Amino acid sequence: MRILAIGAHGDDIELACGGTLAKAINNQHEVKMLVVTGKGSKSHKDVIIRTDSEARKEVEDAASILGVTDVTSLNYDDTNVPYSIDLISDIENIIIEFNPDMIFTHFVFDTHQDHIRTAHSTLSASRRRNNIYLYEPINPSGQGYVAFRPQLYSDISSTIEKKISSLQAHKSQLKKYSNKWLEAVEARAKYRGYEIGVDYAECFEIVRTELDL
Amino acid sequence: MRILAIGAHGDDIELACGGTLAKAINNQHEVKMLVVTGKGSKSHKDVIIRTDSEARKEVEDAASILGVTDVTSLNYDDTNVPYSIDLISDIENIIIEFNPDMIFTHFVFDTHQDHIRTAHSTLSASRRRNNIYLYEPINPSGQGYVAFRPQLYSDISSTIEKKISSLQAHKSQLKKYSNKWLEAVEARAKYRGYEIGVDYAECFEIVRTELDL
Amino acid sequence: MRILAIGAHGDDIELACGGTLAKAINNQHEVKMLVVTGKGSKSHKDVIIRTDSEARKEVEDAASILGVTDVTSLNYDDTNVPYSIDLISDIENIIIEFNPDMIFTHFVFDTHQDHIRTAHSTLSASRRRNNIYLYEPINPSGQGYVAFRPQLYSDISSTIEKKISSLQAHKSQLKKYSNKWLEAVEARAKYRGYEIGVDYAECFEIVRTELDL
Amino acid sequence: MRILAIGAHGDDIELACGGTLAKAINNQHEVKMLVVTGKGSKSHKDVIIRTDSEARKEVEDAASILGVTDVTSLNYDDTNVPYSIDLISDIENIIIEFNPDMIFTHFVFDTHQDHIRTAHSTLSASRRRNNIYLYEPINPSGQGYVAFRPQLYSDISSTIEKKISSLQAHKSQLKKYSNKWLEAVEARAKYRGYEIGVDYAECFEIVRTELDL
Amino acid sequence: MRILAIGAHGDDIELACGGTLAKAINNQHEVKMLVVTGKGSKSHKDVIIRTDSEARKEVEDAASILGVTDVTSLNYDDTNVPYSIDLISDIENIIIEFNPDMIFTHFVFDTHQDHIRTAHSTLSASRRRNNIYLYEPINPSGQGYVAFRPQLYSDISSTIEKKISSLQAHKSQLKKYSNKWLEAVEARAKYRGYEIGVDYAECFEIVRTELDL
Amino acid sequence: MRILAIGAHGDDIELACGGTLAKAINNQHEVKMLVVTGKGSKSHKDVIIRTDSEARKEVEDAASILGVTDVTSLNYDDTNVPYSIDLISDIENIIIEFNPDMIFTHFVFDTHQDHIRTAHSTLSASRRRNNIYLYEPINPSGQGYVAFRPQLYSDISSTIEKKISSLQAHKSQLKKYSNKWLEAVEARAKYRGYEIGVDYAECFEIVRTELDL
């Protein structure tokens, strides 16, 4: 199986489906992470949160913890991701080349502008693909203003630790959000796990999916 | 894989997921059909549409065409299916006994009273099950008043003929609805197939499902 | 402020809004818990889960931990709660008598038949009330088949412990569901708390509410 | 054109589509009002709100003001309308006999039990009909817990006065709700009218409708 | 009646409402087709799909088969349609000039960027119009990520052949999508027709519409 | 309490929550109005509707009638408000500086491009804020294409007159829309008031809110 996870920023993918990706790697699937931005970022007051090289390093370290070696950054500007033919084409080219069986991306009704536009661009680029799943948004980087519908549950009991570790590799983010960030992510995974009777899970809203019988 | 399909009436299951069941049988899965009613039926003017034995025969013949040998009828009254602890328990007992990996049932926002109550009863009975899918409703036995969301697509190109044949085995229904019924079912499967790039498909709205990686 | 919480079974209220009620008591508000059933319960195989007197004792103990002294049980049959004029009138009488400023009840699109009918009966009974909130459903007693929309957040950081203790008082349930039940409830509260920047929160979907300025 | 309006109680139809029916009569269409209950009613404390004969008289007077002479009452019990094959069949028989081009009924997500069940019964009975519209619910007899979607607008500028007069004929209701009831209905019609650029309108959510070209 | 159909690309209008337009022409209504782009298009790899003059010719031929003589192209760039005051004003000017009784446009929750922006621009431009209908999206040019709600059905049994012929006039598209495209469109029309008891239908979600009595 | 109301144009805020703001001022709360545009406007045919100085004057006069002295205009171009990091940052800066307890903004599914983008920008800028409410859209400046859900009701019986007066201060708009505009706004407030049993109310859909106990 080939799995493509698309996130606006370094850390979005780990937050939303890091456990699933690590499990996929463990089970010999091919995984590709696509980060739409990829440069450093500043706070709204121009304080540097992470430099370009820090951003690159954090993304690589985090992916490495999950066991993912195929990571591409598109280098669109942080906070300014477009919903344009450029980004759509970039994603479409990667879809054609990588030929994924599953695509994960942001929730369309998230509130972060970069998440929304990454989601729309992915939906446009993957019109002819049949297994598309949307992340459960999480504060503080994103929230929903339309009810998120948890539908696809992925048991990540065997990889929850890697997921949390991969987030710890995002040092600049961890500094910004504090340890409560990790605790919330872990609590969410426990709650979602309980909903399907396992220890930890990640969940997704489904755009469409094929039944494999 | 063990697949449980629950329908209010003989023919509901074939209409909604007959192709999927036939394919599952072809691929060595175990399939059980559960029909909540199972006796004959009358029109609203008390004209007999099918007798008890005809109903039984039609259900058996149709199942047989799909290759399904495990068929249970609960014998609730046609047009009068309850949403009650009795039906919920009956379904729950079958779920415990058959231990399905997947459960298919009616769309909750269908307009036929028996479909709605079968759906609700199934949802209550399968609260601890993780792969639950809802049928795409179809006129004239049912319609939706809330938008149905096609999400799970099942490629039935290899079994569309069995699906149509199984409906032909419901002679009393075919007489009631005419050949246009079969043509509409076939057209729907073609349309849904096109949406995922195959010849024929059945589709479902997803309550929740587990990612199998 | 007078707060009325309505649940189908002993433990539903504690699960969904126990922290909020304990906080209300701490802050000198009046709280009434209304349990629609109230007798003992059996599993679907007629194994006794709790006897009538155990049920009564557990409800009283749990309420007492939250600091709630006003608890009414309507004694409708477990698994068989009706959506009928009887229950609607019972609730309406309590609303008229207690005159609540806020009413909490089950999510309408829950999957447990008793939860659904308690929700519908409450909505019918409180047509002229202006602050009505719906519980976030939780497995295994209930799940949603329509997306729950978390809208009203209640900071329960100061009462999370009482909430968990009140659930421990439901000994028969704890035995049935194991300690993972408590861990999931605690994890959910932590996740929901993080969404609004506090340690623990309960959340609700809003039917309607008045702005108090 | 033949128009069938179905309401749970005398006054529901006038509230929701009285102006539309009066206009239809003015324009030579055939109109039938079907009231599911039809006997008197009591408050939840058994105080008589209207006797059987008062109820009958009020319904007749109100219909007469709108110009509607074809009124049928099914005499189901007030507050206790079932969603059953009996009511479905009663409605189905009337649909077959009257053969309406359009059917109006309650909003499915109303909060009054009689409204909800009248709506469900109508939807079941009219599965093969193509023009079905749902009333905008109004307090205090009903409210919605799911967003009502105003879609079909009917200009009633020429019949707003008849609509209000028909409600005044429901003397027992007017006494119960006071004159503010009429003012609210008039205000709603003005607001809805403004949305389409006319003086007064009634509006409806659409189940399905045929384009007449 | 004056009918305005707005589509992002040549062929979108025919796909979605070609049968309805042909029928309108047959019944002496005035029809205008507005194509937002109108120049040629390339695949994402810069292979020319159709040249500017081919695009123009195909649109004209297709319209001519439907009997529509009033076709305007706005010449916005394919894949790059904006949601901007420019396009909104262009559409608004045409609305003021043509003064349509009905407006058809794309589904807002389609996945093709041009479809979405055409839909939004039309909704902005037609804020004061009362009969607005949204196309049922179809793969591969578009899909929905929110459930499309089929509400307005148009019987096109008399014009299904013209509809299909008009799509055949889009030779470049037919070459791109193969004959399965036409078969899917025909199957969809048959399925939708069956839902209202006719041979073929097109269907639409309704933004708002006026009742013509 | 500190209340921030954000509108695309002078008059949007008054239309949607003018009564609430006036009441807040009466009750000693702090109120800030933020107008995203703020310059004059032209009709789509370049006829001047209001000049820059008229726009400024109208906004000031209207605010003054409500008792609001803190008004900021961001001077983005009318009809061309962006959903960009610029506007998001502008709003974020004001949120940080004013530190509101509540934020009011446009409905996300409005049809006016400026309203939509103001709503999205506000949602992005207030990701970490917990009391966010969306305006009920109103024709002719805006309409919804998704059902608006009235959830938060604000009793404005004591300030309805100020609300209407504040709209009268928008002389250019009043001239454009005529007195029917004021009558519709007043009718809507009466209708919404009736829904919660008061004379006049404004209502809002809730993104999220904190329970204050």
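Order of writing sets the labels: A, B, C, D, E and F. Residues in every chain begin at 1.
As a working rule, contacts are C-beta pairs under 8 Å (C-beta built on N, C-alpha and C of every residue); 3 or more make two chains touch, one makes a residue touch a chain.
Note that the coordinates shown come from a computational prediction; the quantities given were computed from them, not determined experimentally.
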Chain by chain, through touching neighbours only, how many steps does the shortest route from chain A to chain D take?
2
What chains do chain D and chain E have as common neighbours?
B, F
Following contacts chain by chain, what is the lowest number of steps it takes to reach chain E starting at chain A?
1
Far-end chain from chain E, centres as C-alpha averages:
C
Between chain B and chain C, tell me the centre distance in angstrom, where each centre is the average of that chain's C-alpha atoms.
35
Contacts with 2+ other chains: residues of chain F:
128, 139, 143, 150, 195-197, 207-208
Each pair of chains that touch: what are they?
A-B, A-C, A-E, A-F, B-C, B-D, B-E, C-D, C-F, D-E, D-F, E-F
For the chain C and chain A complex, residues of the former touching the latter:
138-139, 143, 146-150, 180-181, 183-184, 186-188, 190-191, 193-197
Going by the contact rule at the top, pick out the chain F residues touching chain C in the complex.
1, 20, 23-24, 27, 29, 128, 130, 150-155, 195-197, 206-213
In their shared complex, at which residues does chain C touch chain D?
83-85, 88-89, 92-93, 108, 120, 123-124, 127-128, 207-208
Sites on chain E touched by chain A in the complex
44, 79-80, 111-113, 116, 139-143, 145
